[in-house]
Structures are given as structure tokens and as C-alpha cells.
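In what follows, chain A forms one complex with chain B and a second complex with chain C.
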Partner chain A sequence: MTTDTAAPVRSAQLSLRRILPPIVTGQEIVLLAVLVVLWVVLGIFTPAFLTPGSIGPLLVQVAPIALIGVGMTFVIITAGIDVSVAAMIMVSAVTTARMLVAFDIPAILAVLVAVVIGSALGALNGLLIAYGRVHPIIITFGTANLFQWLGLRVFDSSTVNGIPSTLEFFGRGGAGSTFGVPHSFAIAVLAVAAAWWFLRYAKAGRNLYAIGGNQNAARLAGIKVQPRLVWVYVITGALAGLAACMVIATGTATLDQSVGSGKELQVIAAVVIGGTSILGGRGSVVGTLLGAILVQTVVSGVTQLGWPTQLGFLFVGIFILIAVGTDLIRERTRRRA
Partner chain B sequence: MTATTTITPPEQRRGQAARARDWFASGGLKDRATLLLGLIVLLLVVMGILDGVGLTSGQFNSDYLASTLIAYVPLALLALAELFVITSGRGGIDLSVGSMVSLTGIVFAMLYQQAGLPLAIAVVLAVLFGALLGAINGFLTAYLGYPALITTLATFYAYRSIALVVSEQRPISGPEISQFYNAAKAVELPVIGGTLPLVPLGVFTFLLPVAIVAWFVLNRTSYGRKLYAIGTNDTAAQWAGIDTRRTRMMAYVTAGAIAGLVGVYTVAQFASARPDAGTSGSGMALPAITIAVLGGVAITGGIGRLSGILLAALLIVWLNASILLVVPGNEGAQAQLLALGLVLLGASLLSNATIRRRQRGLSKPLSVPGTAAGSTR
Partner chain C sequence: MKISRKIAGALALSAAAAVVLAGCTSRNDPGQTAEPGATDGASTEDLTIAFVPKLQGIPYFEAMNTGGQQAAEELGFEWLYQGPTTADAAAQADIVRSFIQQGVDVLFVAPNDPNSMAPLLEEAQAAGIHVATTDTDAPDSVREVFVNQASVDGIGEALTDTLLEAMGGSGQYAIVSCGETAANLNAWIEVQEAYTASEYPDAEIVDIVYAGEDQAAATQMATDLMNSHPDLTGLVGECTSSAPGVAQAVEDAGRTGEVFTVGLGTPQSMLPYLESGSSSGSILWDVEALGYLTGWAGVQLATDGDLGDLSGVDNEALAEAEYDESTGVLLLGPPTVFTAENAGDYDY
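So, the complex of A and B:
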């Protein structure tokens, strides 16, 4: 994590290193410190908190948020936003669940179905945003309604019952983890690692920052803005599909119509707490992962302290303001210096 | 003499043709009210025909349309709140209106039912409380420089959480509040009421006064001009001597006060104060923003009119009501989502296309190369 592996010293690489931000940004260090303090405090007040029986389920719940958070970080870096992810989870989850019930398809096929559906919905978002040139928040508000209708049509009756435990690989139970590490969380970490490399060293990844910084400048610099934007939303959709599998796996054998509801705001909260600028052009997926863990820690911690569950979201709101506030202050001092 | 008479008619004709072309070209945004009015008339005609043929499951008549206005009041009011905030520019948006509705509803019920304050004082205090919640949004956004999306996402969580915790997740009801239900139910208008359908009282006690005041503020006061100015160009407005931060903050305060009023209204509508009144399901903020955009409010700020809001909300409410008659039961409620999504996407894509066509066609020498809206390859 701390070693730079750029072995062949070429001029291009040198200039690249000058442009790239430090490997770990200030926001991530702050987040990590807050997280450690929070875990220690929770560990002192509720001895059950720092046990594998408590941390494991917490990480399982973090996984879908962090996973979609990767896509959402891409989207927000390009100065966009996607409020339709909750509806995308719903469509993917209900379709996959019904196929599991009706045809008893194997796990790998179920994941494939969910990811393909998510990608298709994401592609619709991307095409409308890139070529319709309407603000992403409006497009995704609109498509969220369409997706919700689609999902409810697939639901047909009120719930999907008797879902087999085909997807237990992602679940909370014993089959869902290896050596105490939940598979779903491991997948989320892998996705974050891949995205971290992609955003930092791949040309297409750097292009996303350019698009977010100034779309017209990016276009004049020869970046194919529209195709890049489409892909960003497709990736978000695909990850929402994969996250839907995790949601099915962690739930009961019954899937109800509220599946996914509210997830879009949780994901956006994780991304902005992680230091990604909502204005575009700046952000990191490592911060998003830490942000997702922080949000879930706060929500779970409040419950474990015996406070009203709903109080957790007050702290989530406060954390959003603190995280973005420190980022604003740092940005202001950087500009002054 | 003859020369002038022979020259003027073609010029006049061309002028009229050009004006007609302009009118069509700008049909998306400038004359959004006309477009929406046309859609409403189209909806009524189509539904009238369907009703005549007998394809509807219920009576489609003026009484039915008037009775659906009970849902029109909160929708139109919250869209109006979004108009103020979005028009103030710099990414202005308010995701927290639904939470503010829930929280002020609870506060109102506590003041009126549990503390036993007189109705008028309780309403005023609830609206002031809404304004205070809006002031928190406004202070963070306008003075501390938080992006509005972040501020209102955070306060969405915070206010919703406080509403649920304070009420212990139980609705507040009682004899006083049950009585207060009369404020929302349908009434017969005095004098001319006999010939007209029963209109929900909320339209006159809540929506109409707010709409008149909002129209006056937006169009006839210097505050309205300042609001449009900071939304159009923040820097230019600052150089013109406008206190942009104060003006922007007041937009959020207004939105909070309107949300507070809607909070009181929902208490009357449901005859109890529900802690999740504005946040259950997908919440009230998303439909409000949708209607504002449909009503021609530019998400980039500086553009937006009251007429568009009122007509867009009316279109959506009547469209929803019509769908329930044509598609019965659960499927009808689902089809409403489809209709809302399609109308929003259609309207925003259409209006964006017309803006771009206008910029390309009419103001070529004026257009700055590489401006955001006029970016064509």
C-alpha cells in the first residue's frame, strides 16, 4: 500500500507521478482514525461489539453498500449521480429470486442473471445521460420510477416466497465465509482494489477525473466523453446487480417489495463521507469503503448500545456534515496556500 | 406608397412564421405552461372518450377530479418549495423536504394536541419551526459552502431520525386532531357552490394563499429578482451588489416554512401526525423535485415559474387519478410510477433538445464556444 511500484523511470511516468495525488489522502487517514476510535469506544461500552460474532455480520452488511459505492464513486467523479440504484437492486433481486424459485438455477447462473439485468438498466441510464445531455439527477429520478414499476410487475403478487439457499455463498451463515472473512465483504474489497488501480493508473480511469473536472476541456483533449459516461453507469448497474445477490443471500426465504429501498442514499452517504467531491473531479474508492464501514458501524453501534435504532441515522447525517466539512476546510486552506 | 405596401406583407408574414417557429422551438421551457395545459386538456379529452365508451371502472367526472385535489395540495406546495431552492442556483436542491414534513407534523401535533395550544398559534409555531429547519439547510449551504445535495442529504437523515425518535415511532392522534380533519375535507363553495363540484377546503386554506404570496414575491418584489439573479449567475449577481448568501439562505428558509405548512396539512389529511408522513416509501422529496422539473424549473438555476409548478402538479395528480380508473387495483398504482417516469424523462429530454436547437439556431454569434449547454461536437 505504501510502496510505489513504478520501476521503469520514464519521463511520462515521472510527470504522471507529479499529477497523481498521494497514495493515501488526508480524508482517508481521518476516516481510519475516526473508525478506530469508534470501534474502541463501542468495544468498551458493549463488550459484545468487538467479537467475530458481531463484526462478521457487520461486514456482510457493509458489502453491498461498498460494492455499489465503487460504481457510485466513478459516477460522482464524473460529476454525475445515480439515484436509481435502489430500484436497480429491486429489479435484479426480484427477477433473480423468481428464477431461483421457478427453475432452481445454479448460483453462478443466478449471479449472471442479476449482473446482466443490472448492466442493462445501467446502460439505459448511461445512454440517456450521455446522449440526452440532461442532468443525471433528473434522468435517474425518472428511470428510478420506471425501474420500480418494472420490479413491481415482476413481483406480480406481494412477495416472492420459498427462495432456495442457492446463494448462501454470499450469506451470513457458515457457508458465507472462509476463515471468518465473509465472502461478500472479500468481493467488495477486491472490487475496491481493482477500482483503486483502475482510477489511479489506467488511462480510462484518469479520463473519468478529467470528465468530472471539466467536461468540455476533456472533450477538447480528445477524451471520448460519451462512451466513457455510458460505461460508468453500466458498471454501477452491474455492481448493483451483484449487490442484489448479496441482498437475497442475507435475507430470509421471502423477498418483499421494499427490497433495496433507501439504499441509494446510503450509498451516496458512504461515497461523500469517503471524501469524493459531489462536484466531480476528485475522489477515491478506498474512502468509499471506509465510509461504508463507518455508516454501518454507526447504525449497528447505536442498536447495540440499546438506543433507538432510528437515532443511528441522525449520527449518519452528522457524520456526512463533519466529513464534508473537514474536506471543505482542507480544500480552502490548500487553495490559499 | 405602393412600394411600402408591397414590401410589408411578406415581411409581416415572415415575422409571424418566425414567431411561430420560435414559439415551437422554445415550447419546452419558455411556454412550458402552454405545453402542460395542452397535456392536461389531452388527458381530459382521452379520459372523456374512454369514459363515454365505458372502459373506465368508475365515473370520470368533475366530482372525481375535484376530490383528487386533496392529494394536489401537498404535492404542489412541496414542488413550490423546490422551485425556490432549485432556482437559487449553485446546484440548489432540497432532499430534506419530506423529513421536514414529518418532523413539523409531529411538532404541530405535540403543540396542538399534547400542549393544548390554540390552533392558530400551533400552526404559526409549526411553520416557524419548519423555517428554522430550512434555515439550518440554508446556513450550511449559503454561508458555509456545503453543496446543497450534501446538506440536504444529511438533514434528510437527521430530521427523519429526530421525528421517529421523538414520537417513539407512534402516530400522534386525539380528539383535537380528529376535529382538525375538517380543514382538509371537501366543502361546497358559498354563493356559487351549488353548481360546482365539492373542492377540498385545503385548496383554499393552504394552497391558494401560499401561491398568491409566492407569485407576488417571485414576480413583484426585489427579493424575487435577486433570487433569479443569483440563480442565473452568482458572480455577476455579487458584482451587482446583491447579498447572494443571504438571498440563497432565504430560499431554503422559504422551502422549510412551506414544508412546515405541508406538515400541518398532512396532519389534517390523515387525522393524525405520522412520524413517517413525508418519508415513507420513496418519500415526498422525489415527487416534488420531479414535478418542479416537469414544471419547467431548470436544475441549473435561474429559471422557473409558479404557473409551471401548479400545472405540472395538476397534470400528475389527474394522470394518477385517471390511471386508477383505467387500470384497476394494484396494477394501477404501479402504472402511476411508469407514467411519472415517462413524463419526467420525456419532458426533460424534450426541453433540453429545444434549448440546444435554439442556441444553435438563433444566437450563433453570441454563443461562447464550449459552454455547457451548447456543447456539440
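So, the complex of A and C:
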């Protein structure tokens, strides 16, 4: 028994030292370089890619993905996944939009409502995953359907029409930026900065890497695995709620049931392209932010170059495969070493 | 630890139950009566006419449902309405199968994928059910009639005329479409291209992009198009999600009055943009009337009535409906152009 426990503790300590993230990772530098090259090339070959009127809306579009990406990075670092974020956006967005229309609630209250709903849904995910010991993809796939049902009930077979511009602070229009910086993107960057600090310097943050590296070892090393996991999913839910406000603000005056759909895959794509290992134990929020910007750059770039829309899928797919491939190669060489 | 396992078990169980229940509520509409063995030529009293939309819960098909229910009340038949919660061909096929099993008298489908729906319609016909399409056709199928909302030419020309009138008859414009393989959208776009080339030689379609059914993606693409084509003065939103999307993009860029938009949007979703001027007009049809016409056509099919004889129909929205026997198409009439003045009169 003693030998059984001693080995994981050692490996936990080892993995703790090994997995502490460097200040900038290689993948981040590569991503940044790719981004710079893409922006320069697009700046040359399109009339207006590098103008405020183009970059501003692009960053607004990136913001909700990057924001949820912070939570998703935490989740994936713990070797989990959350495929219910799109449905959480839907529930938060439709409830908030209905309250905006019915009671004309102020922006602060709208944000609060959305974040509280997102957190509650995230808490359900977290509790089921931490204490149910079923793989997160199964749990969140289940709750995604549950949330979808909940959202459709709130929609009540009709769209939400005539949403007031209460949340324009997060929007694409003039009220959505200060000195040319879109508020929603600034919020996403702040969240990324806070998460970067948390993962690097806070004990609870570093624990997440240990949990993802080897959950049993982490538990034996005295880490409170279950509460940590619950919080990770609560944070993801809360960020999905905040992102729902951005989705309302950047959408039209009408909200339909397609709101949020596909966002879970966009977020996971950003996280994976950002260099976070889908196997857990390694990852960076800065990479996620860059990944989110890269994906939207590709999609917008394809449109602005006048290329067929479908090429966007091809390029994003290639980026994901390259990122995952690099990760797996890295993992294999490490195991061999 | 033991306690937490128990809690976990209970939670997981309740979650599973909830998911199963969720599945039930969307799949089984209580109140549907299964009547095996379809009967032809009966009185309309025990006639069941089922309609499977592409997608349940969106205002467009809910409005069609309202029209169908109205027809059911006035003409005296049972109207069943059930569709998938995502525009998914497989989920739609399941619902069609369940209606075949229930043995409805007439089955209307607005197919998500006309090709994969065709064999199912054949199956339904073999089971003695009258099969027909509405809203979207399955051209190479056994359907007896297609209830068409508006002719392809009518839509394409109305979109082009409304936009070019706002643009002053000339200039560059772009189209933000939705599904890249959506047959009706592509047919309209073809007409727009040909009609623009022949009627407006000084106008040019510079790009056609596909945003899926995603409002935010449509808005972003419209923004990208305005940036990459500085001389662009027009945008078309080809479906109900991109129509308000392109108008929103123009508003956000502060270019209302410089860039004009038209689209196929529901009146309620377009109202704010029609009022602010970022949308110059929304082209659609009276969706409730389309639902009514669908119900009426179902009765004609089941009772061997004459689809061409609309004289007995007491509904002025159907005044211009006409039936083409050679193609089996029952046409609602010319499209409606919604403007700031009349969009508020419709509640979908």
C-alpha cells in the first residue's frame, strides 16, 4: 500500500515541476507569428483589413469566444471538456433578452442575470462531473440537451423581438468602444490576463495542471480535486453568461433559437489551436486568445479576399489538425524520453 | 465519500431522467391519435393532415402552423404539426416515420434535404398516405402537390427591384446567403444574378457569401464585405437570419443611408430596421396564408377535390393562388414587400 501511494506522489511532484507554464510558450510565439504574417498579407491584398472599421468588429466577434475560452482552457487543463457552453449561452441569452424586453431592466442587472444563470448551469455541470466520476464529455453532452430544452421552453416557440439596445456597451457600434478599443474585447483581454496570473501564480490555479496531469496523484498530494473541478465549471458557466450579453449586443433586435449554436466547437477550436493539450495537464489562456483571433481572422480574411466561404472551414480544420498533431507528437516524445 | 457517491448517483439519475423527458416533450405531442390504416375519400371529420416543418419553434413555421390550425377549424379536419428542434434531415426523417406509423391521411413535408426525403415519401405513399411538399419542394419525389409560397422568379425579381430602387438603379452589391446547399436560396440567387444583368446593366453583384443560420456570422460577414468593397452600396440578406443581420451591420458601421439592404426577413424581426432605414424592404409572403393553403390542399388531396378550384375558399389572402397541373405546383401568389408602414401589422 505504501509503495502504491508513494509513486503517484512522486510523479505528481515531478509533473508539477514539469508542467508549470513558462511565461510564453513556443506555441504562443508561433501563433503570434502566424497572426502577424496573416494580418500583414491581408493588409496588403485587401483594401481595408487593417483599418479600425475592420479590426474593431473582428475583435468584437472574437470577444465571447475568447472569454468562454478562458473557462474552457481551465476545463481542458483539468483533462475535462464542456460541450454545453452553447446551450448555456442560449439559456442565459434568451432569459436575459426576455427580461430586457418585458421589464426594460438596466444593463448591470441584465449582466447579473446572465452571469447568475450561467453560473448555476455551470454548477450543475461541475457537481455532476466532480462527484459523479463520469467523463465530462458524457455529462456535459447530457446537460447540453437539458439546457437546450430549458432554453426552448423559455423561447416558447417564438423569437424574442424588439430587444432594446441596453447592452450596446458590448456591441459592434459606436457605443461599444472607447478610443477605438471595443469594450467586449477589452473585457476578454482582462479575463485572459487574470486567468494567466491565476494559472501561473495562484496555488489553486497550479493545482489545475496537477489535476489534469494525474487526478489520483493530485488527490494523494492533498489537492482538493472535487471542489476545484466544481469551480472550474462554475467559472466556465459564468463566463458563458457574460458572453451571452455580448451575443445579445452584437446580434440583431431579434433573438432566435439558433443563438449560441456551434459556439462550443468554436471555443474548443480556439483552445486547441492555442496549444492547450486536449489530454489535460498543459495549456495557456494567452494561446486561447490568440487561437480565437486566428480563427476569426481566417474567416473574415476569406470573406474580405472574396474567396468562397467554404475555404474558411478548410483552413480552420487544418489549423486544428496541426495543433493537435503537434501536441500529440510532443506528448509521445516526452513519454519516450 | 459514500454520501457524495450517493448524491452523485441521484444527480446523475435525475439528469438522465430530465434528458429523457426533454426528448419526450419534443418528440411526442400529446393529443395525437394513432389511427392505423389511412382512409381515402372520407368526410373531413376524421381526416388527419400532418405537417412536418424543417424546424419547429421558429416564428416562420409557427406562423404556418397558425394558418394550418385556422384551416383545420374552418374546414373541419385534424391538423398535426411536429418538426425537429434543429434543421436536421435525420431528425426530420424520424418524425416523418412516426407519422407514417400513425397512418395519417395526408402528410406535408418541408424537407431539409429533398434527396434523402424522397424515398421516405415513397414509403408513406406505399402505406396509403397522400404525400405532398410545402414551403420547400422535393422535385424528384412522388409528392402529389407542392404548395409554393411564391415563384422563384417573383422572389428574385422583388428582391432585386426593391434593392436597386433604393440604390438608385446602379452600383455594387453583395449577397449574404445562409446554407450553401439550400436549393430555394440558390434558385433565388440565380434569378437575382440574371435579372440584375438584364434589367440593371449598371449594377453588379460583387460577392456571394454563406453565413449558415447564424445571425452574428451574417452580421460579421456583411461588415467584412463593406470593408473589402469600399464602393459597395447594397446588401441582400437571403434568409430570415441574415436579413436582420446585414441591416444590423450597416447600423453598427454607421452607414445607414449609404449602404442599402433588403432581405427575406419576418416582419417582426425587420420592423426596427425598416423604421431606422437600414433596411429598405423585406420580401416575404403571408406565411399564415401559406399554412392555410397547405391545410386546404390537404383536404383536396384526401377527398379527391380539385386543387385548381379555389372559388370555395373564404380567405382573401389566397385570392391570387393558382394551381399548375402540369408541374403539380400550387402557388400562393406574388411575394409581399414589407415596409415600415405594414410590417407592424403581422405578429410573426
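Keep this in mind: the second predicted complex is superposed on the first by the 304 of 337 C-alpha atoms of A that agree within 3 Å, B and C clash if a C-alpha of one lies under 4 Å from a C-alpha of the other, contacts with A are read in each partner's own complex, and residues count from 1 in each chain.
In the analysis below, a residue touches a chain if its C-beta (ideal position, glycine included) is under 8 Å from a C-beta of that chain, and two chains touch if they have at least 3 such contacts.
Keep in mind that what you see is a predicted model, and the values were worked out from it rather than measured.
A.B. asks: Based on the shared chain A superposition, would you classify chain B and chain C as clashing or fitting together?
C.D. replies: Taken together on chain A, chain C would clash with chain B, as the superposition shows.
A.B. asks: Which holds for A:Pro47: it touches chain B only (first), chain C only (second), both, or neither?
C.D. replies: The answer is second: A:Pro47 touches chain C but not chain B.
A.B. asks: Where does A:Gln310 make contact in the superposed view: on chain B (first), on chain C (second), on both, or on neither?
C.D. replies: Both partners, chain B and chain C.
A.B. asks: Could you tell me if A:Ile318 is touching chain B, chain C, both of them or neither one (first, second, both, neither)?
C.D. replies: In the superposition, A:Ile318 contacts chain B only.
A.B. asks: Where does A:Val247 make contact in the superposed view: on chain B (first), on chain C (second), on both, or on neither?
C.D. replies: Second partner only.
A.B. asks: For chain A, which side has the bigger count of touched residues, chain B or chain C?
C.D. replies: Partner touching more chain A residues in the overlay: C.
A.B. asks: With the two structures laid over each other on chain A, which partner does A:Gln148 touch: chain B (first), chain C (second), both, or neither?
C.D. replies: A:Gln148 sits against chain B and chain C alike.
A.B. asks: Can A:Thr178 be said to touch chain B (first), chain C (second), both, or neither?
C.D. replies: In the superposition, A:Thr178 touches no partner, neither chain B nor chain C.
A.B. asks: Considering only touches as defined above, state whether A:Gly132 meets chain B (first), chain C (second), both or neither.
C.D. replies: In the superposed model, A:Gly132 contacts both chain B and chain C.
A.B. asks: Between 44-52, 116-124 or 188-196, which chain C stretch has C-alpha clashes with chain B?
C.D. replies: Residues of chain C that run into chain B: 116-124.
A.B. asks: Is there a shared patch on chain A that both chain B and chain C touch, and which residues make it up?
C.D. replies: Of chain A, residues 128, 132-134, 139, 142-143, 145-146, 148-149, 152, 261, 310 contact chain B in one complex and chain C in the other.
A.B. asks: What does chain B use to touch chain A in their complex?
C.D. replies: 91, 93, 95, 140, 144-147, 149-151, 153-158, 160-162, 164-165, 168-169, 281-282, 286, 289-290, 293, 299-300, 334-335, 337-338, 340-342, 344-345, 348-349, 352, 356, 370-373, 375, 377
A.B. asks: Touching chain C in the complex: which residues of chain A?
C.D. replies: Where chain A meets chain C, its residues are 46-49, 51, 53-54, 57-58, 61, 124, 127-128, 131-134, 139, 142-143, 145-146, 148-149, 152, 155, 157-159, 161-162, 171-174, 226, 247, 250-254, 256-259, 261-262, 296, 299-300, 303-306, 309-310.
A.B. asks: Name, in rising order, each residue of chain A that touches chain B in their complex.
C.D. replies: 81, 83, 128, 132-135, 137-139, 141-146, 148-149, 152-153, 215-216, 219-220, 261, 265, 268-269, 272, 278-279, 308, 310-314, 316-318, 320-321, 324-325, 328
A.B. asks: Residues of chain C touching chain A in their complex?
C.D. replies: Those residues of chain C that touch chain A are 4-5, 7-9, 11-12, 15-16, 18-19, 22-23, 25-26, 56-59, 62, 85-86, 180, 206-207, 209-217, 219-221, 223-230, 240-241, 244-245, 247-249, 251-254, 266, 268-269, 271-273, 348.
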